[in-house]
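Structures for review follow.
Both complexes below contain chain A, partnered by chain B and then by chain C.
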Partner chain A sequence: MIDYLREIISGTWSLFVGLGITIRYFFQPVVTVQYPHQTLPMTPRFRGHIELVKDEETGETKCIVCGMCQKACPSNCITVNGEKREGVKGKVLTEYTLDFTKCSLCGLCVESCPTAAITFSKDYNLAGVRKEAYIFDLKKRLEAKN
Partner chain B sequence: MSAFAESEAKETFVLNLGPQHPATHGVLRVKLTMDGEYIAEAEPVLGYIHRMHEKMGENRTWAQFMPNTGRMDYLHALAYNHGYVSVVERAAGIEVPERAEYLRVITAELNRVSSHLLWFGAFILDLGGFSPLLYAFDDREHILDLLESVTGSRLTYCYFRFGGVYNDIDDNFVPGTRAFIKRLRERMPMYHNLVTKNIILMKRLQEVGPISAEMCRKYGATGPVCRGSGINFDVRKHEPYSIYPEFDFDVPVYEQCDSMARYMVRMDEIEQSLRIIEQALDKLPEGPVMAEKVPKILKPAKGDYYHAVETARGSFGVRVVSDGTNTPYRLKLRSPTFSNLSLFGEACQGMLLPDALALMGSLDLVIPEIDR
Partner chain C sequence: MYVDPEIIRLLAFLVGVIAFAALNAAYLVWLERKEAAHIQRRIGPKEVGPFGLLQPLVDGIKLMTKQLIVPAGVDPVLFKIAPILVMVPAIMSFVTIPFSDTLVARNLDIGLLAIFAFASVNVLGLLLGAWGSRNKYAVISAARVVSQNVAYEIPMLVTVVTLVMISGTMNLSKIVGLQLGGFWNWNIFNLSASPLMPIAFLIFFVCMLAETNRAPFDMAEAESELVAGAFTEYSGMGFGVFFMGEYANIVIGASVATILFLGGWDCPFGLFPGVHWFLIKMYFLIFTVIWIRWTYPRTTFYGLLNLSWKILIPISFVNLILTSAMLKVF
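And now, the complex of A and B:
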């Protein structure tokens, strides 16, 4: 009988302790941000989808069309094509397509590139209604930036 | 109304729980044969998120399987990373630099804490309490930020590489982690006052959902499930791997066998993980984070290799068979929750439905890891 009453009292008390914590936290600063009106800074290492890097000297891509990234990718999302041009050493990039619908953001492509021609972008606002919106032409994106 | 069915089931009906039910966390389906409010029979139905990870592994190079490991147990991805890289390193005879092993342990333990915090929130949510989830997510967010700044991703990490880790930590990581440990230690009493000592939680968990040690052995349950049944087994202690033997930590074991015991095991494990991280930060050596001379095209020697790691949910084992080529011949993944779920059918017989859901929550199921 005494145990029963004790349990009722301590049990009720435990509820008040919990309520007290809730009330205390109610008056503490808010920890969330009002996205999309407010955003948090991205960490430098954030791995978004990949992007071609601009060579500061020539203003062109650093890609030498070796195809290592294409081979390293586990999901076959990269298509690289290039052609021989007269007067230019090596190959010239004609196509660099990323099928982002299949990309797992693993970073194996970036690691495998011998010339550091690709990097991660910081894009994360990626919502769309059509699949085609996620087939990125990275060469065009780079040219658009120039 | 008693907590257990008193007589044989006479008139039964079938109740379908899931595959889209908030309490089954994902796409688990349980076919329940009910006798009124009591469960007469429960049969988990799997396969709704089966992605053939094992076969995928056999169709790509050793390195290309790395991102898959983060997508099985997405809550403790780094332990899966760890299991896979360790087995391949064993097969290929790659030595890992000491600093890389420390970073692996630190990040994997942080990930374990975040996994337990998420489980804590989701479990209380199953029981009908909403706000603890928000407190847990507040803390978990700090871990995700720390891990994001090192690994580049927030959930499905792919940070470990054969021979080391992807990149070194930044300057903020060590002070940030220390500050987090301090913060979480200060918050733990709050969690216990808010949740553990709450009479409603105690009434719903104590002496509910008994899982005997014998049942754990029968079904091969590991992790907090077996430690809540009095079995002292933790891969980190009993088949030590990586640099775990260098750290001083305890394995929390509770004898009560009920849902509360499993709850307490995980809550205590958070503190133990913090201890490991703290010691590892103190001892963190300088040096490279990647072994030199890891061949670009890996071709491990012919043979059969196995390695187990302790994830937040139990023992995860990887077996690889190499035929000396650049793809695995066979890849077998032993996931802990598959075994932990298997005992659910037997454990919940005769239980009230809400109690069975509390039991299911205390198993900490992650469905993509069961189905693989």
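And now, the complex of A and C:
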């Protein structure tokens, strides 16, 4: 009998303790991020699709059109083209296309680049309705940024 | 043309009661979502209108535009009649509820009995809907609902009988009338009638949760076990009416608890009694009901029956005997 009553009282008390915890949470500030209106800064090691890096001195790309990234890519999604120009040492980049529909974000291109001319971007809002939207012209993106 | 003012009064109350039930059903969903969100430290609905206040309206429009699917093999009559059987008694119960000393549609002398009579039809609606929808989850749910309601009707009615013994009337207005004058007169603190009165209130509240199939006793709609229980085959507004009936029943339950234990429209300090105090107490109880839902996990079915048969029923009988003894002695 005593055990029966003790169990009822301790059980009822534990229910009130639970209610106390939830009501305290009720009055605490909200912790969620209201996503489309607010965003969190991306972590520095976030691996998005690749992007050309701007050379701070010249304002141009660091790419020397060696083609290492194109060779390293296991899914052949990078196309690099360049040409010789009068008075410029080395080759000049004319095309850098990333076919993001094939890219697996392995990062071998970034690792293989001898001049650190490509890096991972922080883009993640990549929803689209057409396949062509995912063939990125990275040279244009860099110029648009300048 | 002469029209009896009584008829106009009743028509006004009819419209008012239906509007009150429908508005409550709509906005309790909003309250439920908001409260759940804040307990989980989210915001909840916020996009449609300020603070998401237009969300219930949009939800209602969405439900109404959806097709009412009647699956093959269901009992066409029972399937269609069940949501109405849940909704109509809930609205009818509002007729006897006194919101204040003047604001009551029909001051029945057996108002309390009428409310409990209507409340049991709710179970019948769920049972018929589940049986008629020819779905194994629904039938399991119906079996659970019936045994749950049988189990919890007993302690609830025993507690109510205790209260009727103290008050000597089943007229809800008179029951409140006996509690006027300050919170020390309320039945929950009426320790001279029975020292177990606060516990009787707890028993009544737990039984009310179980009768309205609210968490942690939501066996009828145990979505993790039974898909959606009795509502599995319902779509569109059929489901919507079931839901409105459930919320209307919560309002009824909270109102009855307010009237029986918390002094109805009485102010705790004896000042300015009126309908606002009734609403404050009622919505506080509803807030607690929702708060409980977002605190406790669902009980097991045996735990639910054990709680009723081993704890609530013995204690409510002890309270009944104690009260009758004290009434006889003093």
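The rule we apply is simple: the second predicted complex is superposed on the first by the 114 of 146 C-alpha atoms of A that agree within 3 Å, B and C clash if a C-alpha of one lies under 4 Å from a C-alpha of the other, contacts with A are read in each partner's own complex, and residues count from 1 in each chain.
As a convention for this text, a residue touches a chain if its C-beta (ideal position, glycine included) is under 8 Å from a C-beta of that chain, and two chains touch if they have at least 3 such contacts.
Fair warning: this is a prediction, and the values are worked out from it, not measured in the lab.
Residue contacts after overlaying the shared chain place A:Q34 against chain C, while chain B stays out of touching range. Of the two partner chains, chain B and chain C are each touched by A:T22.
Touch criterion not met for A:V92: it reaches neither chain B nor chain C.
Comparing chain C and chain B on the residues of chain A they touch gives the larger count to B.
When the two complexes are laid over each other on chain A, chain A has residues 12, 15, 18, 21-22, 25, 31 in contact with both chain B and chain C. The touching residues of chain C, counted against chain A in their complex, run 35, 38-43, 46, 202, 291-292, 294-296, 311, 315.
Chain A makes touch with chain B in their complex at residues 7, 10-12, 14-15, 17-18, 21-22, 25, 31, 43-47, 72-74, 104-108, 111, 120.
Interface residues of chain B, counted against chain A in their complex, comprise 60, 63-68, 71, 131, 135, 138, 141, 145, 148-153, 156, 158, 166-167, 170, 190, 193-195, 197-200. Residues 8, 12, 15, 18-19, 21-23, 25-32, 34 of chain A are the ones touching chain C in the complex.
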